[in-house]
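A, B, C, D and E are the chain letters, set down in written order, and residue numbers restart from 1 in every chain.
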Amino acid sequence: MATQQATPSRGEILKRLREQHAETFARTQALLKEQKRIEQVICSAIRETAKTVPQIAEEVGMPAPEVLWYVASFKKYGMLVEKGMCGDYPLYQKVEKK
Amino acid sequence: MPDNDKLKIAVYTCYCGGNISDVVDCEKVAKAMGSQPDVVVSRTDMSLCSDAGQSQIEQDIRELGVNRVVIGSCAPTLHEVTFRNALIRAGLNPYLYQHVGLREQDSWVHSNDHAGATRKAMHLMKAGIAKARLLHPLEPIRLQAEKQALVIGGGVAGLRAALDIAQQGLRVVLVEKSPFVGGRMAQLEAVFPTHENARDLLRGLIKKVVNHPGIKIYTQAEVMGVAGYVGNYCAQVIQHSRGVTEENAEALLSACQQEVPDEFNYGLTRRKTIYRPYPGCYPPLPAVDWDNYQGEPISLNGGEPIVLEDVPTSVDVNVGAIVVATGFDPYEPRQGEYGYGELKEVVTLPQLIRHLALSKANHALEWNGHPVRDVAFIHCVGSREIEGVDEPHEDGRINNYCSRVCCTATLHTTEELRQHFPGLNIYDLYQDIRTYGRGHEDYYRDALLGGVRFVRYHGEEHPQVTAASAGDTHPVLIRVKDSLTYNEELEIPVDLVVLAVGMQPRQIDKLVNMLKVSRGTDRFLLEVHPKLRPVETAVNGVVLAGTAQGPMNIQESLSAASAAAAKVVALLGRGRVELQPFVAAVDAEKCNGTGACVEICEYEGAIAVQTFTENGKEVKRAVVTPANCSGCGACVAVCPNHAINVQGWTLSQYEAMVDAIASDIPNMAEVA
Amino acid sequence: MPDIAQSPQPKILVLATLAGGYAGADSTGQSHLDYPANTYVLPVMCPVMFPPEFFVRAFERGIDGIIIMYSGTDSPYKVEADGTAKLINRTYQLMKERGIDIRRLRLAAICTVCVKPFLKEVNQMAELLKGIGFVKNELASRNASAQGAPA
Amino acid sequence: MSRVDPTFLHEIKEYGAVGIEQCFNCGNCTAICPLASDDYPFPRNVIRRIQIGQRDVLRTQLDPWLCYYCGECSATCPKGAEPGETMMAARRWMTARYDWTGLSHKLYTSTTWAIGALIVGALIVLGLAWLLHGPLVTDQVQLNTFAPVEMIHLGDLILAGILSFFLLSGLFRMFVFHFREGGKWKLPPLSVFVTEAWQLVYHTLTQQRFSKCEGRRRWISHLILVFGYGSMFVLIVLFLTWFQTDNIYPIYHPQRWVGYLAALAIIYGASDALLSRIQKKHEMHHYSQLSDWLFPILLILLAVSGLLISAFRYMGLPLATYYIYVAHLVVMMMLYICIGPMGKWAHLLYRPFAVYFQVVKEKAREQSNVTAGALSSAD
Amino acid sequence: MKDLKVDALVVGGGIAGMQAALDLGDQGFQVALVEREPSIGGKMITLSKVFPTLDCCSCITTPKMSAVAHHPNIKLLTYCEVESIQENEKGFAVATVQKPRYVDEATCTGCRLCEYACPITVPSSFDRGLGSYRAIRVPFSTAVPQIAVLDMDNCILCGKCEKACPVDAVVLSQQPEPFTIHATAIILATGFELNELGAKKEYGAAKLPNVIDPLMMERFLSPTGPYGRVLRPGDGMEPTTIAYVQCAGSRDKTLGIEYCSRVCCMYAIKQAMLISGALPMAEITIYYMDIRTFGKGYEQFYQNAKAMGVEFVRGKVASIHEDEKHNPIVKMELTEEGRIIERTHDLVVLSLGMIPAVSSSGFGLVPASDGFISVPAPNASPTVTERPGIFVTGTAGGPMDIVDSIVTAGSAASEASAYIRSKTMIAESQSEVAYA
């Protein structure tokens, strides 16, 4: 970019970004931790048997809408698959990484 | 020549976002097609027409050296052009492409037969591949285009389209059937939602059109014939005489004695056969109504009676594109429909609007010389008709469409009434109030506020309009089951019933046949696709403006007209057009000049037998002039030597497709 | 060799004009109305391009019924209405000569929005073919009788 | 089949309906109403009858009385049609229908008449007081000498009799309108009237339906007012001789605290109503008619003047006691004349009876259903 | 450095903006199309299928997106925000900011390896929060341009995307880059937003998990939707009874919106038909006051839906609450019968109306009483605003459907081209005078 005097180093860039986004930074880091934890509990809940969202919610003690959001996300990124239906509810099971 | 290259066919089966894949097992189709000879790649895609999908095709052409592309997706009308353009971007001739319709003609019509639909998809795709093997590169026919457009219809849409085209530097010929421009809008008074006077608005537009040097207006004129194709249409315009001159106009006007019902006032008044529909009309010069003036002598200032004569003149205009802005007719209720034609107290909304304009000076609303205290409006007359409930019209049709403008127009009229005649009781009998547009809901609110009583009927049970018995307080009674009052039957005594009649397309059968444009089930002119190409017709170079296409209000007609103008300018602005290369082509090696093709051809200058000297020998051979050939293929069937074919649609391609459909798919057993 | 068992139903070929039948078939699709899946619609510009031999060849290859859906007098081609009628007559002649049931070929005027007529034509042909069966059987029995019959 | 009549809407507007013509019959008001039911789908039922001019239909209905005007309908109306105000106006109109003298109509629709009636009432009382009062003992308070309790009691009874006559005749008309259709009686069995009579008392005392409305505070405030007013009414009409006395009882004597409590209840209830009308905080208080103002104001004046009588008496101010006593009577007369059986006061009787009729009809239908069920099962 | 000079600037890359740009570009004008999101496509690209043809929506939109991206006369500027508009004698100088993508547009191939590597999952605005994507992502599968964008608000600078990118396209040093677009005419195609789910407190105030907005349903019905099927967001159940509450965000004085949003009737009917296709056992009820199917082919569409068994019930829903299983309960009066019903459904869709997406005051225009851009002479020039040289198309000028948006785009393009031509002619004649 012509307006910039000298190309800043990577360290300077990261420092500037951390300062600029200080507020969201802390929140996002906490979020990442929480997401990792939830990923673990949900995935372990459906490792052996396929379960519906209400079943998972009950097992992991989370509100069903939130569980559904995670399930949808895991499905999108190939971490779990639909395994038929249980009544009106689709069943989800963890995909083991090869 | 790619013919000599090894065939490398790429086949794509599109999911169409589920439209196809919900019924057809696209993966199986793709797999089966992958094993067809010459196919180098067979893929599926969620949505092939997306940028990513198109990039995939381009990538395959570039990286795999694909030289034929077959795509199974939606109807070719939607995306054939899209995919041909992708081929062009990848450097391949766009006509080395075969489109297979798997949506409208497979998944959407066999939703109960998934196996059958999948099997059919395989056969159709196989046929597509079979044709693709026989495709050759083609070049579009490039022609000079006339930088002039023909606008048919001088109503608000036609005027606006003409102005917008002319403002972009193109010339325009505007043809109006009646002696005056302005169309239906001139018959209105105040218009919603701005309360401006319709004729004032119109006058502003007409002034711009008339003053534009690029626009030539023919009134009392009709398009009698159209020949040619996009960019080079030749239209024959017949113009009738005006019958009067600047000098004798006023004298003739006052001397004319013969009177006929005035269609400008929907028959409420009479006018002379030499007339001017309203003050300030354009052209200002009166005109002779040749349909009604049958040569009756007129004596001027007590002088010798003279007889006026119509001497029509014919003009041929060369235009690159045609805008159809023929407008609408208000629905004419049947004799006895809601008492229309039987009870003198039943009128249509357009009639009432004219009546109000004629009687504005009065303090009380009168009809037929009687004061009107109670008036009822009935919506959806001639619209939203239901098969099995409503009697079909003479030609067997049912107007099952909504006419879009009548709700707001009715409520707007009730407002006019309330303002002029405060004591009036107004009833409004409706099915659904459709004040959809910007500011339209305000009319509903104001009507409610102003005390209009709304009564809701069902389309299955129309209100009954009857004459009241003698001695009743009112001349007419309406009986209606009111769904707002728990379906109780109500009796409404009124002095006047106003029918909010819908819109109908004009009788333009001749024009429709001439232009080869299509009509929808509602008989309005049909666009190619309501979203992709909403103002274009299937005929290249013919576009639609205004209510010829469907019910619209003034604002919407203006928008549509401007949009149509934009299409015309885009088409003709560069002064050249491209035509599809699907015309007859002669195989020089097989042709020996029998002339059978020339004999059967109906298109002037399309084909001729010429003599060539080749290797010292004189040979006769047919020669095609592509710009004049329609590609009908009549010559193909009669050629004894099979020496002529329509490019891109050859007989051998059809034979290959038939064989593909008749034969079986190797691993098809999996499907069933 | 094609296996009849794999094609459970007779095949119907529809040659439909872009300005008429093909658009009509698309309209039918847009209305999501079902018809038998053994119907294959091929777009044509104008049916006058086909010589009668084309149809006979198609029957011989195993197409059991053909419907030409043209635009009739509404066609953009001057020759379509009359030309197609003549073509059909000549083809019927040829079919009779070859012993093919002429009901296997039909001509219908279908407009761009002729959804109901389109369905009627297809269903009628499907019904007919249920009754008269595969063209292969018909041709086979004719050949058999032709061979068996005294010259 | 009924013939539409566009004039009814204008008529009901004279009774204070606002915004009713805005209604496009979406049914929001009826669905949001905690008291509406399938048989009584108000407010829209009432609005629609008025819009199309079905006077005769509305006259027979109970719907207006079943509404306690919580204001939810007006607060949520998508058109701002103020359904609650229409219900209020409909109640006024109904009261005027029940009143056969035509006076109610005049009092509701004409301010001149309303104020005239107030003045006439005051003049009658003043005139009677001037003519009939006893000696003015000034050295000590002798109210029963100034206004002999037997005479006042007699007056009370006469007034109560007149009021009851008008009120009961109104009630009778209500009964006839409701249970007679097309010249034929459509009466539930008498036994049901009898067995359900307790409901009348119950609803009068508890105003239980009111509690279904959003915001119990209004119900309680209204209940306090009803109790205060009811007990005062009973004291004055039946036990005046015990209540109006020159004896000074100790503070714990029921004669004293019953009177104080009742007066305070009236003041509290009426002030609450009045304040709400002034503040216009709730939907139901956006619009007020003369009668809506007069009723709480007169009630407060009544209670305050009553309290003042006893205060002056205890303070030993004879003349002040006598004058305020006359004033008290004036207020009472104004109350009964202006908003008595021909006005807002009448809802005291009509509303509980409407609830009672509703219950009776429901019970009767239940019984006939049971019978029908029994019959059909017997088949 | 990015400053550019064009004949027309189109603000907003939804269907109306794209069509206006195409119509101008096809006529030979130089056009800049500015979109504030990372991809063009607007609301339309999030839809499943479109009425009344039931065409797959992306099949209509993506080719237009593609055409815009490939058009020789159109300069596409995504992820840019218009800051201010200055008028000068030549036209308008529009201050614009290119927001940092933190990804180099020229090098990114849209391979998505960064997205797969990113550890942070965030609610996807494309799926109206019900689906998810990563802090760095290609916004959606058919996005144009197919370029990743890093959402710095949800980034922890872990560097995984940088490592994963095969072409080193992640550029963390990017900063907002202001530039100026000089344009003779401006077309505003800034579109609409849906009214808020919690706008009417009687309808659960956005607190009921199984009461959703119609754009959420569009995503459920789309094959690329968050669940890949229709499930209710409360607990992932496949709903069997579904209700549509019409006029949930329009025609209601208590919301301050008295206008009709024009599209809700048709989209509700369309969704009902699509749901019947996806869930054949589903019972669908549409609660309405007036069915407004006024467009070409719309009334027939409505009648088809009725014939298919979609139930139409007249009356305004007064309130929605839920039972202990979070099933929404709808309370309304059957106005044709005078009965009050409370009906439990598995899922309720609030047919929310349209509100303007941006305030028109930012463009120096006075908003109309409905908040949309005002058009002073609708019956003479339906796409001309009060400020000469500024035109409006699509839902920026009031609620309308896709067909009407496309038609007004053509109209705005026509008006703008006439304006540009007249302006240029004046400029030319002036320069001639100066030359002489």
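We take it that contacts are C-beta pairs under 8 Å (C-beta built on N, C-alpha and C of every residue); 3 or more make two chains touch, one makes a residue touch a chain.
Note that the structure is a prediction, hence the values are computed from the model and not measured.
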| item | value |
| --- | --- |
| Each chain counted as touching chain A and chain C at once | E |
| Steps in the shortest chain-to-chain touch route ending at chain D and beginning at chain B | 1 |
| Shortest contact path, chain A to chain E, counted in steps | 1 |
| Closest chain to the centre of mass proxy, which here is the mean CA position | E |
| Chain whose Cα centroid lies at the greatest distance from that of chain B | D |
| Most distant chain from chain C by Cα centroid | D |
| Chain pair, most C-beta pairs within the contact cut-off | B-E |
| Centre distance in Å when chain C and chain D are each reduced to the mean of their C-alpha atoms | 85 |
| Approximate Å spacing (C-alpha centroids) for the pair chain B, chain E | 28 |
| Where chain B and chain C are represented by their mean Cα positions, the distance between them in whole Å | 31 |
| Centre-of-Cα separation between chain E and chain C, whole angstrom | 47 |
| Residues within chain C bordering two or more other chains | 30, 32 |
| Shared-contact residues (touching 2 or more other chains) in chain B | 111, 433, 445, 484, 520-521 |
| Contacts with two or more other chains, residues of chain D listed in rising order | 24-25, 79 |
| Full enumeration of touching chain pairs | A-E, B-C, B-D, B-E, C-E, D-E |
| Chain E to chain D touching residues, read off their complex | 202, 247, 251-254, 289, 315-319, 331-335, 338-340 |
| Complex contact set, residues of chain B against chain C | 75-77, 101, 103-106, 108-113, 116-117, 119-120, 123-124, 127, 513, 516, 518-521, 526, 538-539, 582, 600, 602-603, 630-634, 636-638, 646, 649, 651, 654-655, 657-659, 661-664, 668-669, 672 |
| For the chain B and chain E complex, residues of the former touching the latter | 15-19, 21-22, 46-47, 49-55, 73-74, 78-79, 82, 89, 111, 164, 167-169, 191, 193-194, 196, 198, 201, 204-205, 383-384, 386, 400-402, 404, 432-442, 445, 483-484, 486-487, 520-522, 524, 529-532, 534-535, 549-551, 554-556, 558-567, 569-570, 573-574 |
| Chain B partner contacts - residues on chain D that touch it in the complex | 1-4, 6, 9, 21-25, 48-49, 51-52, 54, 79 |
| Residues of chain A touching chain E in the complex | 1-3, 7-8, 10, 13-14, 17-18, 20-21, 24-25, 28-29, 31-32, 35-36, 52-54, 57, 64-65, 67-69, 71-73, 75-77, 82, 85, 88-90 |
